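Got some structures for you, see below.
Same chain, two partners: chain A is paired with chain B first, then with chain C.
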Partner chain A sequence: MNRDRINKILNQIPTHFIIIFMILIWVVPTLGLLITSLRPVQAVNTSGWWTVLSPPRGSAEYNQYCASCHGVEGIAITNADLTDPELISRFPRSLQLLATLRADINSQPHMQDTPVPEDQAAADIAVHLKKISGIDEQPRFTFSNYIDALVGYRGTRSYQKDCAAGTAPLDIHCDTSDLLNPRGMGRAFVNSLLVTIPATFLPILFAAFAGYAFAWLDFKGRFLLFSILVGLQVVPLQMTLVPISRLYAQLGLNGTFLGVWLFHTGFGMPYAIYLMRNFLGSLPRDLFESAYLDGASHWTAFYQLVIPLAMPAIASLGIFQFLWVWNDLLVALVFLGGTTPVMTYQISNMVTSLGAGWQLLTASAFLSMLLPMIVFFALQRYFVRGMLAGAVKG
Partner chain B sequence: MKKLPLQIFALVLLAAMLLTACGGTATEAPPATEAPAATEAPAATEAPGADDLCMGAVAGDEVSLLYQWSGQEEERLNQILQPLVDACGLVLKPESTRDQALLDTRVQAGTPPDIAFWNVTQLTQYEDKLFAMDALGASADAYIPGAIDSGVINGKWLGLPVKSDIKTIIWYSPVNFAAAGYTVPTTWEELDALVEKMVADGNVPWSMGIESGDATGWTGSDFLQDILLVQQGPEYVMNIINGTVSYDDAGVVQAYETYGKWATDPVYAVGGAQGTLSTGFLDAIHKPFSDPAEAMMVKQSGFAGGEIKATYADLEFGTDYDFFVVPGARGLQGGSDWMMAFSDSAAVNALVAYLSSPEGGANWAKASFDLSPNKGAAGNYTDPSLIKKAEAFYNSQGFTPDIGDSIPGGFGSAEWKAIVDYLNGGDLATALAGAAAVQAEALK
Partner chain C sequence: MAARSVPNIMKQGKLAPWLYLLPALLVMTFFIVYPMINTISLSFSNKDGTASAATTCVEGKPCWGIFENYHYALTAELDTSSFSTFWSSFWGSSYGNTLKWIVLMVSGSVGLGLTFAVLADRVKYEAFAKSIIFMPMAVSFVGAGIIWKFVYDYGTKQMQIGLLNAVITSLGGQPVAFLSVPQLNTIALLVVGVWIWTGFCMTILSASLKAVPDEIIEAARVDGAQEWTIFWKIMIPIIMPTITVVITIMVINVLKLFDIVYVMTGGNFGTNVIANRMYTEMYKNFNVGRGTAIAVVLVLAIIPFIYYNIRRFIAQEEMR
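And now, the complex of A and B:
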């Protein structure tokens, strides 16, 4: 018995190892994205996110080469006060610093017996000096990427700095109205919700009706119709962009929310109907027969029996459709475009065409991940149940 | 327990309905570029001037724009267009994407944007759908000689070159050069000697990273074209573009060998072949300016200056970073973004006339949005690096367009693939033969 248990545990180790490995593969890049989005832009461009918790650059080197004379605080020699910004601004980088370290002071070597530091160490010391003199004090973490992304700041510094200096770009007013700036992620969040909620609700509603009809209404050609609908899943979305754009142009639906809802509804329904029919078809026939015997109409049966019973399937469909629409760029780009930008569109436009400003992209990506994560965690217990919907006859 | 999901469902439905109701008003809210209060005042006070400028466009006229710019670039474009928007009350409906499929979809669906800012090849692609620039009020005299030549398709002038950049330049750090005792080379031989001297000093001369996702290789193609301009001259490059010279010609082979000697050797380029292939082109720009410097030079287009400044805010142009024109290059490699009109509405007229006017050129320069071939831009640049770039631009012996951009039919990607294959240790003749086949097919 005891042996069995040990064997069991031993047998599980490889599985656990693989699972943990898979989790790491998925989680590490996301963690990197999160950390990057919280770092100041200069730090992002000069060092990797994994260095974020390493000790501040240059302090060890400073202690090794300089602290014995200048003191740990840098103020031990009064006429060479290393916390004086004016003095330090003359040695911004290793080049200038090394030049003075190699030169003589009062006809004595500057470093006396200590060897002159290597290039890399000198560069690190220069960074440390800039920090203790207050020339270049960078926080380790900052929310400025998130603020810039939310208000759609497109300048060269940051929203807070520009607003403080009064040099804000054209479309920034430095008040709460910036939250509704059409270039910002804040406004895009609202637009994304406006697109996603109806585009999730409509296909599920229709699919629930259709699934009930295919499963429990007896009519001619039922199976043929169902096969055709399921077969429609093979139509690639990209192929229909041009014809539907043309149709929408005639109907005046281009650039409207209605157009996007209809498009997503159309493309979401074949799979949704397939899943709903299989789920509803697996419910026991007796249930419906006794309901009909008791005088229930189809509508009553649908509303009072099917909807509550089909909740797992509806929830999992909801998650699928929600994530698909929320993360969709193509349809939103073609049918909504830049006039009512959704989050995916806005994310791709945070960086310039040459990729500059990508620290904003990391923050924007995280903002757009928030809601799907909430939805997923809120509905996740339905997720697996729903995936299996209709797979096993109950 | 069972009722809870139902309630959530009802709530979601309610929220959807509420938001939809709000959606109606949200879509009608004016975009930020429109400033209703500001539009009327100038129109009333400067009526004659505004009439001239607006070409009959009235307040509220909409212009849809499609371009590849985004982020800071979009902000600069807005600055440039703001005077016109204010004077005429135009409502801009901008869309930004780097996906050409969107432009193609829009045009095929019969709903093209009024104005697109795109590449020169689209002028040929949409030749029969575009409106001629001279008919829209643009004046060819407003541009420096030769600037609009590639925009004339079969005798029709279909595009305005709005934003130009020069590619035949090398960025370096004057401070580092001075410390090591290097001087800026003026001939290719001097550059070659300088590179060898750097190697002898134990410095790495080049930062050559070309990684750029599925466009990996474009940085290399720029470098190769500059070498061609040095070794063979501009006519040779134009002959590649028109197909007279095949892409596997001996001159091209020589250029690849010159490039490969540097790009694949860790002594000459950071990381050797693997470093070149796997370092992002933006990271490659940073390397000569990091502390301590990882390389001495990087060959990159004019935009690199902005990237350096954004990463190392404390560096100053002229002392800490600067560029020189590739020594010995006959003419410059330059690229433009082209403005094309799918509509001839009054508002489009106004926009075309404004951007091709001296005032439009001057405002383009003031916004520091790269270079403008519009004569009005000269003397109006404020950014020191743009002033120097403009000098090289105006003094150039001539321009050659990017080979990859100018040959249609996917030649650009074939060229990149040849570069990547070659750097990966593939056979040069095979790599070039592949690109030459695409070139021959495209120009048949």
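And now, the complex of A and C:
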């Protein structure tokens, strides 16, 4: 009995190993993104995110070359107190530091028996000295990347520092109006919401009507029409973009929310109707028969019976459409572009033309994932259900 | 079909059903059917859709007349001077790349998805494990593109901040520019696709694996079949219809794939795919005729799947 159990556990080890390995491949890149987005920009560009918990840059070199005389905290020699900002500010670059280290002090070599550090080590020591003297204190984690991303700050320092120093770029006003800066993720977040909510609601509404007709009403050509609809589900988006964007240009709908809402509604329709009709068609028939026998009209049956009963399908469809629209890039790129940028557009623009740094990209990407992740983990059940009902869309 | 025999009592006038259908039919006609037809006709026109494509022919060069845009769409990337140049230019063209994507990404995500579905079924933390693998489905392709662009980052000589190159250099290797070395970069992009879509394949396959009746598997075990045999000879044949469906869905997804390539390489360094090429022709070169011709080529590749989808639907309806 006992041996059997041990055997069973041993047999399971390869299974656990593969599963955990795959989970790591799925989690680690995402974790890297999250950690990077929370690190100060200098740290992002000079060390990998996995070193975030290792000792900060320069402390090892400092301990190796300097700590024996100056002490671990840098205050052992009173007339060369390394925590004194005034003293350290005389070494803005590692060159000055190296020169001092090579020079003589009271006609004795500064470093005495210890060899003078290499260039790279000296640079690291300089970073460490700036930190202990408080000139350039770098926290391990910071939210400033998120603030910079939200307000669309593209400078070299950070939004808060530039605003405090009064050197902010022209398009930054250093008040809450910056959240609506067209280059920022704050504005893009609002735009994404404004695009997504109606573009989720409208298809569900239309699909509920049509699904009801396909499932419970009798009309000529019903089967044929529905078969065509099944075929339309896999029509690629690319097939419809050009005529619609030409038409929108004539109607002045390019760059408007209305244009995008309608496009997403039209394109989401075949799948939404398919899902609705299959769900409604699986409801018991007696329900409808007795409703009609009681004298209910189609309309009463629809909004008093169908809509409440269809809530699970509506939920599935809602999540699907929400994620689809929120995560869409192509439609946003073609119909909204830079005039009303949504989050996916803003990020792709940072990558392709602005060449923004990793600290901004990671923070922006994480901001764009926040809402879908919450929706996904809270309502995963409905999402999976909708997918299993036949997800061929886009 | 649930209402194939609708009780008489439900036939309330001829107009009512069409009123329910009206909004849906209107938006679909306007946003899918009309543009499809219009796209086809535009694909026979010139740069801005004002004249026939035949007018764009250049004197002294081969011309397909009204099909000139298709001539461009199908052959512009290819070097047909000899078989070997044709062969190598094909594998660097958007068609060769799309083919690579189809073969490798579909087999990768379906294979990994199936493996994970089978393995996760045996452990206690199945729900957790599956939701982790499924998570990229909630994230945009743009977001996933950024996540992986960072993993692939090609730093300086001293410093690698991209995870993959840091691992390579710490093992003593030379850093690799994953996104600009031809052939390798398509593989690198494709891995992102697999990373995103494995969860989708896994979820559907897992549901159908769980629907395999326990009695069949128990009976096979009693007869002395090994786990491996049970998997290949019993489970796989039973879920084969689902595997086929997942494969077709994945092939369609790959054909339409645009975002990953657009964000990560912009189609440069030999990573172009059909969908991105269509976007470039239409919205960067502003060539309506060529852009729509590429879109039609794309839809021609999808037509077999449209047909298959309808056939499957009809078969399902007959079984109800």
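Please note the rule applied: the second predicted complex is superposed on the first by the 282 of 394 C-alpha atoms of A that agree within 3 Å, B and C clash if a C-alpha of one lies under 4 Å from a C-alpha of the other, contacts with A are read in each partner's own complex, and residues count from 1 in each chain.
One rule holds for everything that comes next: a residue touches a chain if its C-beta (ideal position, glycine included) is under 8 Å from a C-beta of that chain, and two chains touch if they have at least 3 such contacts.
If you're wondering where the values come from, they're calculated on a predicted model, not measured in any experiment.
In the superposed model, A:F223 makes contact with chain C only, not with chain B. Between chain B and chain C, it is C that contacts the larger number of residues in chain A. Contact with both chain B and chain C is seen for A:V334 once the two complexes are overlaid on the shared chain. Contact with chain C, but none with chain B, is seen for A:L262 once the two complexes are overlaid on the shared chain.
Applying the stated contact rule after C-alpha superposition, one finds that A:T46 touches each of chain B and chain C. Of the two partner chains placed around the shared chain by superposition, chain C is the only one that A:A210 touches, whereas chain B remains out of contact. When the two structures are aligned on the shared chain, A:Q380 is found in touch with chain C, with no touch to chain B.
In the superposed model, A:P55 lies in contact with neither chain B nor chain C. In the superposition on chain A, A:L241 makes contact with both chain B and chain C. Shared-chain residue A:E289: touches chain C; no touch with chain B.
Taken together, the two structures place residues 45-46, 120, 241-243, 246, 333-334, 348, 351-352 of chain A in contact with chain B in one case and with chain C in the other.
Within the complex formed with chain B, the chain A residues making contact are 41-42, 45-46, 92-95, 99, 119-120, 122-123, 126-127, 136, 154-156, 169-171, 181-183, 190-191, 193-194, 197-198, 201, 241-243, 245-246, 249, 254, 256-257, 307-308, 311, 314-315, 333-334, 337-340, 348-357, 360. Interface residues of chain C, counted against chain A in their complex, comprise 1-3, 6-7, 9-12, 14, 16-18, 20-21, 23-25, 27-28, 30-36, 38-39, 42, 49, 112, 115-116, 119-120, 122-123, 129, 131-143, 145-151, 153, 158-163, 166, 195, 200, 203-204, 207, 249, 252-253, 255-256, 258-259, 262-264, 266, 275, 278-279, 282-283, 288, 291-292, 294-296, 298-299, 302, 305-307, 309-310, 313-314, 317. Contacts from chain B toward chain A in the complex involve residues 2, 5-6, 9, 12-13, 15-16, 19-20, 22-23, 26-27, 31-33, 68-75, 78-79, 82, 93-99, 102, 105-106, 108-111, 175-176, 179, 282, 286, 290-292, 303, 306-307, 309-314.
Within the complex formed with chain C, the chain A residues making contact are 12, 15-16, 18-19, 22-23, 25-30, 32-33, 36, 44-50, 120, 205-207, 209-210, 212-219, 222-223, 227, 229-244, 246, 262-263, 265-267, 269-270, 273, 281-282, 285, 288-289, 292-293, 297-298, 302, 323, 326-330, 333-334, 344, 347-348, 351-352, 358, 361-362, 364-365, 368-369, 372-373, 375-377, 380, 383-384, 387-388, 391-392, 394.
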